[in-house]
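Residue numbering begins at 1 within each chain, and the chains themselves are lettered A, B, C, D, E and F in the order written.
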Amino acid sequence: MTVYMEELDAFTYSEKIRAGAPVLIPAGSIEQHGRHMPLHVDTILSRRIAGETAREVGAVVSAPITYGYKSQQRSGGGNHLPGTTSLDGEVVTTIAKSLVNEFARHGATNICFINGHFENYQFLYEGADLALRELKSAGVEDLRIMLLSYWDFVDDATIDRLYPDGFAGWDLEHGGVLETSLMLHLFPEQVDMTKVDDGPPAILPNYDILPVRPELTPASGCLSSGADATAEKGKLLLQHASARMSAAITNEFGL
Amino acid sequence: MTVYMEELDAFTYSEKIRAGAPVLIPAGSIEQHGRHMPLHVDTILSRRIAGETAREVGAVVSAPITYGYKSQQRSGGGNHLPGTTSLDGEVVTTIAKSLVNEFARHGATNICFINGHFENYQFLYEGADLALRELKSAGVEDLRIMLLSYWDFVDDATIDRLYPDGFAGWDLEHGGVLETSLMLHLFPEQVDMTKVDDGPPAILPNYDILPVRPELTPASGCLSSGADATAEKGKLLLQHASARMSAAITNEFGL
Amino acid sequence: MTVYMEELDAFTYSEKIRAGAPVLIPAGSIEQHGRHMPLHVDTILSRRIAGETAREVGAVVSAPITYGYKSQQRSGGGNHLPGTTSLDGEVVTTIAKSLVNEFARHGATNICFINGHFENYQFLYEGADLALRELKSAGVEDLRIMLLSYWDFVDDATIDRLYPDGFAGWDLEHGGVLETSLMLHLFPEQVDMTKVDDGPPAILPNYDILPVRPELTPASGCLSSGADATAEKGKLLLQHASARMSAAITNEFGL
Amino acid sequence: MTVYMEELDAFTYSEKIRAGAPVLIPAGSIEQHGRHMPLHVDTILSRRIAGETAREVGAVVSAPITYGYKSQQRSGGGNHLPGTTSLDGEVVTTIAKSLVNEFARHGATNICFINGHFENYQFLYEGADLALRELKSAGVEDLRIMLLSYWDFVDDATIDRLYPDGFAGWDLEHGGVLETSLMLHLFPEQVDMTKVDDGPPAILPNYDILPVRPELTPASGCLSSGADATAEKGKLLLQHASARMSAAITNEFGL
Amino acid sequence: MTVYMEELDAFTYSEKIRAGAPVLIPAGSIEQHGRHMPLHVDTILSRRIAGETAREVGAVVSAPITYGYKSQQRSGGGNHLPGTTSLDGEVVTTIAKSLVNEFARHGATNICFINGHFENYQFLYEGADLALRELKSAGVEDLRIMLLSYWDFVDDATIDRLYPDGFAGWDLEHGGVLETSLMLHLFPEQVDMTKVDDGPPAILPNYDILPVRPELTPASGCLSSGADATAEKGKLLLQHASARMSAAITNEFGL
Amino acid sequence: MTVYMEELDAFTYSEKIRAGAPVLIPAGSIEQHGRHMPLHVDTILSRRIAGETAREVGAVVSAPITYGYKSQQRSGGGNHLPGTTSLDGEVVTTIAKSLVNEFARHGATNICFINGHFENYQFLYEGADLALRELKSAGVEDLRIMLLSYWDFVDDATIDRLYPDGFAGWDLEHGGVLETSLMLHLFPEQVDMTKVDDGPPAILPNYDILPVRPELTPASGCLSSGADATAEKGKLLLQHASARMSAAITNEFGL
């Protein structure tokens, strides 16, 4: 049976929740990911990684947060780029808050955000915090919320195997080896490796500047090259990250 | 080539917009639709109908508004039901406003909301109006926005064929012949006709009461029976509605 | 004794509420209604109809929501017209929420919105829903809220008598027979029948377009002609609608 | 012809605005005013005083802001009292902002708030300021907004005549000689002088305390006695205040 | 030991709160105060006066609200002046609300706003009221909040000594004898008496006009002259005001 | 002459801005920093580092953002701790937006946020982005905004000297060697080294959990030990960080 909430009928979903299934909320974005990948990389990757994890821990994956916070130049190329379609921080926060409130109303007591878009994190966190405050006021005390970004569950050994020439940090991974490998493994028909722009990683300052200076973002929109990506690396990433995520969720929620 | 924005890479998307393609924004919900259909009926139907229309008029379909406004008892059974996962009106409005602003930034001048969830309409309208006000302030004058609900494009002749025993109104169509037929035509693997509750239509007052009186909603969650639904009716509905929507969009946007 | 709250002193009002009187909240607008009627038609009609109903059910009528949501072209001619003075949806929602909270603080347990402006409805509904959520959080559990639009209480027999040539739907009734007749019955000094523009009903598309195309609204601002309006029809309308509203309120609130 | 906007038809209203008529916006409240006066004293007094002034300066009086900001103990007895029905500050601000925006859209260039409820002032001011900021952004540069409270236009000589035993300040005037006299002059049928509680003025601290200590407000709800009120004093007040308001408006708007 | 919260470590602060210390919240502004005084006069004066009071009543002074509501022409010269750096009313309200919520979470039950910027008052009041509503919803019932402006604690005898030629009212005191004297007493190194503009007091209308007419504000930015200010007067003011504030706080909070 | 805006009179400040001085906005927090340091560490450090930088680049330092976003367990111990006094994300965003708008009104064209509290960053960024959008709408096109966190300007060589035993990352630096050293150098009287809790660094998961599990935060509230801090290290840090910040600001703003 599917782990994806939106593909379930309401009665089956409701039984799962009443039986104690945690809810995993994937949070992505509609953001340019170079010429070789589609706009919804963050959304479908976080959704599928959540799905893999859900199968291991007996969770339900909610319908995704499709649109995310504005792309920032140092982690996503910048929000000036066409195709990138973003929400203000307050909107992301309010969506996150509303979903927590709704799943709590359904009876869920364990909720985990699976973030797939770097820039979302603080706004999801704020939404989770505000929901807890409201729910506490309404007398709901037994809710636990986890928040994670899936790449934080890639361990150092895996990083060494993926990046034999050295790892530049997750923020520069936008459109690079991590995302491209996962896409090649999970959605190969949506990747066109002939269009990878195999340039050097972007060189970005240790601060932000607004309005962005467009010339700081490579013409490809990717902050590092995905040329070394392979489906095998994607498989490895998925296995390691989802296994470690499952362990953390199991442990934290006492499943 | 796909008409769905999120499956395009940013560069291809951007060329389409610069070439004048309208953007169609499907707006759905995560809402119970009886035992025989999944929670995302409104979202995937509005998205697919938008897709059909987009192919006819040369448009791009944006990633959908996945979650919608609260289900109301007289048109969706009520927001007290488990599975139904909704946003406050202000959130729906702000999402709609933000998307219009972003597509305008990309260069789109013709935007059309394709609504698939009755309760969304006024909040989408307000979002469109607020976006226009902001864009006008920012000097953008050439934007046109259409808003429609797809069932308003089913003509009377089609209604007569679909409902030989009489038509009770679109609001009672929640989970009934219209939606079930469209699902049977477009997503047959997601419908289980053995689970249709073939009861009489709900009898609801000509006003709203809050908190809802749960007993007014049939146990199935559907306001009328989908037992008479067929894939053929769905095909007919899709053809007629999308043809008429295409004509309206073509005419209004001068395509 | 007056049924209108604002004409009562606070002590008398308070006794009525403590004795269990429901509160009816009229919601209108300041909106053009043709050359033959003043701008506050929706406000004074909803207030007077609420007053009639209040006398029958022992309710108090609150001071009205004077300004309403933006006029839409398909139900009110459009918000581009001079004279029409409207609030954003969020403001209408917040006013509705605040009033419910205040009347609940006074001790009211039965509150009914009497809507007289088509476009208000969803924003009033959202305000009522948000107030219930807040009040539930604050431990108030015994509040019931009804929401109705008065024209929904005109029955088919009455419609047949009022519109012998066929009825085009309530949305096109803006400035037409219904409102003009009620005004002739209740506020004849505010109607100038010599200024009625007796044109054919407006022909409007089955979607919205923003910015509105002004040429779609008749020059009179009315969507159908009020020429056939009479004070007798108004009297009939008022009697039937308020009797049926009274019955619904009595029944729902267990008065 | 009436000076009250809501009693005009849209076309006549529009001609007046295009001819340069200023718009006066009365801002009141629904607030307890003792046993001898109704809840809408602030609203109908500000509206009628605005009306008097409008006739002198050729202005239009808009439909009133019916509900106002929360009653404060030191100027209105406190918002804990039943009957008093108030809005949060943000709502008052947003209403004021919206009205300015709408009247500017109609073509008005001179707008004046006529405040009749002490507590409203700062929130109206903020609304006016925000509207100006938005309108400036939208390219509207020729708008002037005045804000006044009508009692500030009572001169010292009149005060001496009204309060031969000494004047305690406008904040303590809640339900006292000023308001009662004006009501006796303008709406005598709504005052019951037999119910005036002729007690000493309230003694209130030079700070606020929340939650209010209810015992600080006299049982009558009035902060000073209205026993010395007369219709003659009301007439005097109205003449002097509206004459001076008219002079200020004429001068400031260059009429 | 310091009475200023921000100079304490968290553990010491926490012990004080648990022992019942009230929290005093100074609220100032960054606002022009003539050529002879710095921009933060309101902030450092309210903070120091709060500090003096705190020592007398055993309170803790919170970190100040540094930026305040917009300067108004009749009490601060107007917000068009460079240097004056202000927040919208809603922001001031939300800061005040958040601080009350946080101090209540720490265990404080007695909180007092010490206002030093005329224009802040109503927005602080609203923040305090909203916090109480939220806290009440969350089950916190034992919180008391005072709000005061320090100049309201200067008694008539002191006013007579400070202003032998007559007192024009606290609103015109912006940059005048009161503030300059207090600065001379408490922060003499930040005052340059050679730069005092010894002109006549500003003559301002009994209403507001927006956009402000800049010519109504004296070129100095001060509404009255500080030339007669002395450190001795400042000392006197501080002693009298803080003694009376201490008495009020002690009495109200039952210390 | 002081570089701190709030210590300047308005006229002098205004001349500096008109002469092209950038504005540096320090953003801190009121947050527990162990037993050995006061609550305002983040605010006074960001303010003083901004001051050092301002002297080098000819900038003005604005009054600080005193209160910041909620402390998070993985970077500040968590917002459940007493003493920590925080604002919701939306409030931090709105303050940042308002300050940019105000400094732009004063004529500033180069603005830089100097962040001293890890959790603030995204909310400041959003505020800056929203201000730019509003200002662009209002016709202001020449504004550049930088955002930085001062520790990002400590280079690897300095890190090696400060942390000879290895560096655990800036997020664990809360209350540790960096902040304690800077405090010892700049505000030695506010540090009590005898109270440093010299425990091992906190071990925190690679995700967030809400409500926080308090046992994950060391009893000291510090995430790593400040025992190795010295004033010399602080001096070194200040010199290196402010020199590199000055270079970046000079370069970016073309000073």
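Here is the rule we use: a residue touches a chain if its C-beta (ideal position, glycine included) is under 8 Å from a C-beta of that chain, and two chains touch if they have at least 3 such contacts.
Labels paired with UniProt names: A, B, C, D, E, F = Creatininase.
In this text, all values refer to a predicted model and were calculated from it rather than measured experimentally.
Within the contact network of the assembly, the step distance from chain C (Creatininase) to chain F (Creatininase) comes to 2. Shared contact partners of chain B (Creatininase) and chain C (Creatininase) are A, D.
Both chain B (Creatininase) and chain F (Creatininase) are touched by A, D.
Of all chains, the one whose CA centroid is most distant from that of chain A (Creatininase) is D. Note: the chain lying farthest from chain B (Creatininase) is E, by mean C-alpha position.
Seen as a C-alpha superposition, chain C (Creatininase) sits on chain D (Creatininase) after a turn of 180°, to the nearest 5. Our note on geometry: chain E (Creatininase) versus chain F (Creatininase), Cα centroid distance of 27 Å, whole angstroms. The mean-CA centres of chain B (Creatininase) and chain E (Creatininase) are about 54 angstrom from one another, to the nearest whole unit.
Note: centroid distance chain B (Creatininase) to chain D (Creatininase), computed from Cα atoms, is 47 Å. Residue positions of chain A (Creatininase) touching 2 or more other chains: 88, 90, 137.
Taken chain by chain, the contacts fit none of the simple shapes, being neither an open path, a ring, a star, nor a full set of pairwise contacts.
Looking at which chains touch one another, you get A-B, A-C, A-E, A-F, B-C, B-D, B-F, C-D, C-E, D-E, D-F, E-F. On chain D (Creatininase), the positions that touch chain F (Creatininase) within their shared complex are 136-137. Contact residues on chain D (Creatininase) toward chain B (Creatininase) in their complex (touch as defined above): 134, 137-139. Within the complex formed with chain C (Creatininase), the residues of chain D (Creatininase) that make contact are 5-11, 13-14, 17, 30, 32-40, 43, 62-67, 81-88, 90-91, 94-95, 98-99, 102-103, 105-107, 190, 192, 195, 221. The part of chain D (Creatininase) that touches chain E (Creatininase) in the complex is made up of residues 69-70, 72, 79, 88-90, 93, 119, 121-123, 125-126, 128-130, 132, 144-148, 152-153, 205-211, 248, 252.
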